[in-house]
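Each chain carries a letter (A, B, C and D) given by its place in the written order, and its residues are counted from 1.
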Amino acid sequence: MAIKTGVVGAAGFAGIEAVRLLLGHPDFQLVAATSDELAGRPLASCYPGFAGATDLAFSAHADAPLGDCEVVFLAVPHTAALAMAPDLVQSGAAVIDLSADFRLKDPAVYEAWYGVPHTQRELLAEAAFGLPELFPEGLQQQAARFAQGRGALVACAGCYPTATSLAAAPLVRAGLLGAGPVVADAVSGVTGAGKKANARTHFCSADENLAAYGVASHRHTPEIEQILGLRDRLVFTPHLGPLKRGILSTVTMPLAQPATQQQLDALYAGFYAGAPFVTYLGGDAQPQTSSVAGTNRAHVSAVADGRTGTVIATCAIDNLCKGAAGQAVQCANIVCGLPETAGLDGVGLPV
Amino acid sequence: MAIKTGVVGAAGFAGIEAVRLLLGHPDFQLVAATSDELAGRPLASCYPGFAGATDLAFSAHADAPLGDCEVVFLAVPHTAALAMAPDLVQSGAAVIDLSADFRLKDPAVYEAWYGVPHTQRELLAEAAFGLPELFPEGLQQQAARFAQGRGALVACAGCYPTATSLAAAPLVRAGLLGAGPVVADAVSGVTGAGKKANARTHFCSADENLAAYGVASHRHTPEIEQILGLRDRLVFTPHLGPLKRGILSTVTMPLAQPATQQQLDALYAGFYAGAPFVTYLGGDAQPQTSSVAGTNRAHVSAVADGRTGTVIATCAIDNLCKGAAGQAVQCANIVCGLPETAGLDGVGLPV
Amino acid sequence: MAIKTGVVGAAGFAGIEAVRLLLGHPDFQLVAATSDELAGRPLASCYPGFAGATDLAFSAHADAPLGDCEVVFLAVPHTAALAMAPDLVQSGAAVIDLSADFRLKDPAVYEAWYGVPHTQRELLAEAAFGLPELFPEGLQQQAARFAQGRGALVACAGCYPTATSLAAAPLVRAGLLGAGPVVADAVSGVTGAGKKANARTHFCSADENLAAYGVASHRHTPEIEQILGLRDRLVFTPHLGPLKRGILSTVTMPLAQPATQQQLDALYAGFYAGAPFVTYLGGDAQPQTSSVAGTNRAHVSAVADGRTGTVIATCAIDNLCKGAAGQAVQCANIVCGLPETAGLDGVGLPV
Amino acid sequence: MAIKTGVVGAAGFAGIEAVRLLLGHPDFQLVAATSDELAGRPLASCYPGFAGATDLAFSAHADAPLGDCEVVFLAVPHTAALAMAPDLVQSGAAVIDLSADFRLKDPAVYEAWYGVPHTQRELLAEAAFGLPELFPEGLQQQAARFAQGRGALVACAGCYPTATSLAAAPLVRAGLLGAGPVVADAVSGVTGAGKKANARTHFCSADENLAAYGVASHRHTPEIEQILGLRDRLVFTPHLGPLKRGILSTVTMPLAQPATQQQLDALYAGFYAGAPFVTYLGGDAQPQTSSVAGTNRAHVSAVADGRTGTVIATCAIDNLCKGAAGQAVQCANIVCGLPETAGLDGVGLPV
């Protein structure tokens, strides 16, 4: 198959990662990669890792053949997707949105955390949330729409929400979460801070350094609460760490009732038994970001702490891949009726 | 003044950091640095950063002139300090112990977490806990003993306990801690894993990687609970991160009653007003490990999260300095009646 | 096709990288991965990046089904391949040797630099040198032998020799090299120092550090001289740098006669026009190790310095891939009559 | 003593390193640190490593009390020092210039490499070159001038020239340099690329990466040639590596006549016998950038390669310290008649 595909905002970190995955995809054919800043420049001259893999050049957004595309990935800042998605869906395209614009089901919550009005409430109601391991039904509905020529819209989960929710969901959905705060402390690599060069992303600031940021105020907080069905209970503290790719989220959850490690292992292993990209490690193994870098995979562990009546679950993903572009391709695969793993079966580097 | 000083276990990371600080100290005169493995080799040939600063060579432990020393730093594995401390104290020396042997006041807790008997219970009862910002009285008592020629023993706080407790103590001591778990997620640089070369400390494992370890089982847990007066309430999860020096501990605490950010700022700033090494950052600033690397300083912040009724406090230290050797020198200064900051006034690298 | 394939020494860095490539290869089927140390342990439990990709476990060398293998990769220390290769070739297998045992055509040179006798001089005379861009004929001869059931032996070029020779060969082979020393200063990532954990590969030694080693004595020196046809003219200085993967070799060569940058560009671009894995960057672009990490690609540049009458050529490769396992797979592809790029078309990470 | 001192351009990497050193200096009293961008902000709020060490705030250049300063460090872009130095010298100040404006003795060379006219040729003729180990006399002359109230001007050597020249000078000055190119390949940490955040200094570009730049065209080339008395013979290739601080320069020099390693060791050790900041390592030890980071020290080695008739000398420095601000303070100490090591005796971190 050769499904014409475009990436809008292809020069940013999530966009260019989508490009990478699409260049190796058996069914999606990349025909447009937009960047107003780099328009006209070959992808491989800006990203030399693509030398030999493509002759495509960036197009200006206005000039890109997006109308020819059956699938369009939006790797744009929030509010930009609000403006672009309606026409694309209308034209019958599958729109895979990596921005935050259609993630929060309650537009009031969006408006409170993002500080801008939500102008596409009808489309918001129709959109599926793109985290296939936890919300498969919505994606199947989009697949049906798309097959009928009615277009599709998927709001891919954010990077921190993906890692945090994959760690917490088995316990939460089993009804084992007790009362009190859920604490998620997560560390992201610097790609999570985006391509913009500034004082914070300067090598000499980020290297050999670690700090929290967005304490008690990060916009991924309501998204995680929505996924897990929590209300004003999640304390989410993101940190920036000295690595390029990777998120490790460590989630501490009070238990509603005592649970043994064996029960926990059975619960988590069973929950992810059919998930091609998620591995519950079990035993003493702890997820490491380096094991999943460059892949769409998530590694999860959960440890029962009988002493305090809590569970400590951790999840490692590549923030650009399972946390952004890989998940987007996974969602696109599902919407287009392709194998869920098409183009995403790359093996992690052993070292 | 020239106070003869020795470092036992001087070739390990904490020991050699003590050596570094002593080489620049105005009053302590380093006369013995023991390492059975490196005995006979000049310090500067093993640690080239000392070239030009000292001609001292490592001594075998049995040959070292420790009997001449008024102050002895023990940078040894646990149980080794149990064996060495009694005679040294008996001889009138100030023993500054960086190991875990005399930290836990209840020997049963020591035995439960370390899996070995505590053979020096009397000495344990006499030892002071070495975290001057939180326990100044005990150190003053040791100073009095030492001045009377009766020897002294200080059990310096561990690295994670130092960072975690400095973040939490102002709130806890003000009686503002509510019910439920206290969650401390901390990331340490690889010096924290020690000098031993193994699969985990190999550059190719640690670089671009982040993982939790010792989940629900790290031996610093009871030490932090002791410092903060908690009982089976602390969930402490350490992580290893890709940096050499530094610990950032992020502590999430339920509030007993609502507190504004202004109240919190006043509480923390007041608590550390007289502490020469601790800075409460305030405002939006968050502690960064790179700011304190190579120094004895601690940077602290605290943020009130009204939404969840919690406070998120963070603290950054250099695990080898304020978390080990620097704190040890600070304690030794106090015990010897020197200015608390003697030899510890180095300024952090700006970049 | 499903060509049964084994990797001997699969737990080392080069061996496990070969495993990674073979797991994604369309024609080679990995049936044996030997490691006496890890025998019995699933690959994915030791290298979690393989989770979900293979259920294979390491075998002890003595137990491995190498007799069933048509292709065997030897990722073993030097002298071990001397012992293993003869029987395997005899049995008709294609032996792809990543060690140094069959690289140096003059056994006296091998014995001088490696300090051990060369016990397989006949086989040495028959072996092909595995650097396809520079020595395609030998590999074609091995392909013919293998097709006739007579077995094959390829001695893959070392990591530094690959990078250094790809930078220098176009100029040298055009007869443009003038008199005097050729200077190659190269920096390798720490994977080049091997999997063994020691003081040098400890994160706290290698991180934020850079140093030369093996000055005037590195064993890759005679190999580079052999490739380029030099005699006692190469000054090769390797360095260890704080990155995991990658070699950058910077080669300064006296020119026999003046050459313009345009002539140089034409020479290099033409030389590599048919090479699927080598890109001559041209213009102001300089090879970066990060662009080729995880891929079998080489990026090359050459700059004419009219002022000094020299050319400065640089080449970046991934030392584990194009410098070891990737090149080995490339050679195996050729020997087995597969497309040269089979299983090696992965795209470099954009960031 | 309390010598009033100012730093112009104090917010850049070299400027703020000068500030760090001056804060710990026994005789220089920092009274002005200028930055038009950060004017009014406390140094410690921008560089938290200074918390507790100073209450000084940045001043706008126009408002700074430079007229009160006896010593002024200029950490400004080239051409800015041309504009500032004359009045300051005229007023009797000791001007320690970290820019390139007064380094090249031949203004035509300056104009050729920097592309701007040299407007202060008289002052250029009077300035001393600031590399005390190689050019002590000029600094003594400035000291005499300054003592007489006539002001002083020192043009501190650049970072690459310092490392490269310290490696090469003993051999060159002994008349042992043979004919043909001298090749210096040097790697700098990212602080060498300056504080400006751009695509090249972004963590995600610089981390895990290594590349040459400025090939055959870097402006430090003529400066090194001037120091060593070479003419169109130096091939200098700088590289950017993934570390914050440090330069390692590897210099390959043809020998005029054979020399043994013993002769070389004696030559180099003797050359630097009286230099408080330079250590000739000898034996198998190679300079490591991490050993000198944060210090004003230089580590040097030299290896004779009889096979090729060359010497490979390497030197490691901290580019911001011995390569910039530390050397500037060293020069200022000499000019002001202080001990050469005042304020520069910090010991390198052992790990």
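Please note the rule applied: a residue touches a chain if its C-beta (ideal position, glycine included) is under 8 Å from a C-beta of that chain, and two chains touch if they have at least 3 such contacts.
This one's a predicted model, so the numbers in the text were calculated from it and none came from an experiment.
Separation of chain A from chain C in touch steps, taking the shortest path, is 1. Of the two chain pairs examined here, B-C and C-D, the one linked by more C-beta pairs in contact is C-D. Relative to chain A, the most remote chain by averaged C-alpha coordinates is D.
Chain C and chain D, compared by their mean Cα positions, are separated by 39 Å.
Spacing of chain B relative to chain C, judged by their CA centroids, is 46 angstrom.
Residues of chain A found to touch two or more other chains are 13, 191, 195, 204-205, 207-208, 242-245, 288, 290, 351. Remark: chain D residues 13, 16-17, 19-20, 23-24, 45, 47-53, 191, 195, 207-208, 244-245, 276-277, 279, 281, 285, 288, 290-292, 294-295, 297, 299, 320, 345-351 touch chain B in the complex. Within the complex, the chain D residues that touch chain A are 13, 190-191, 195, 197-199, 201-208, 242-244.
On chain B, the positions that touch chain A within their shared complex are 180-181, 183, 185, 187, 189, 204-205, 207-213, 215-216, 232-235, 237, 239, 241-246, 248, 250, 252, 254, 286-290, 293, 301, 303-305, 307-310, 312, 314, 316, 351.
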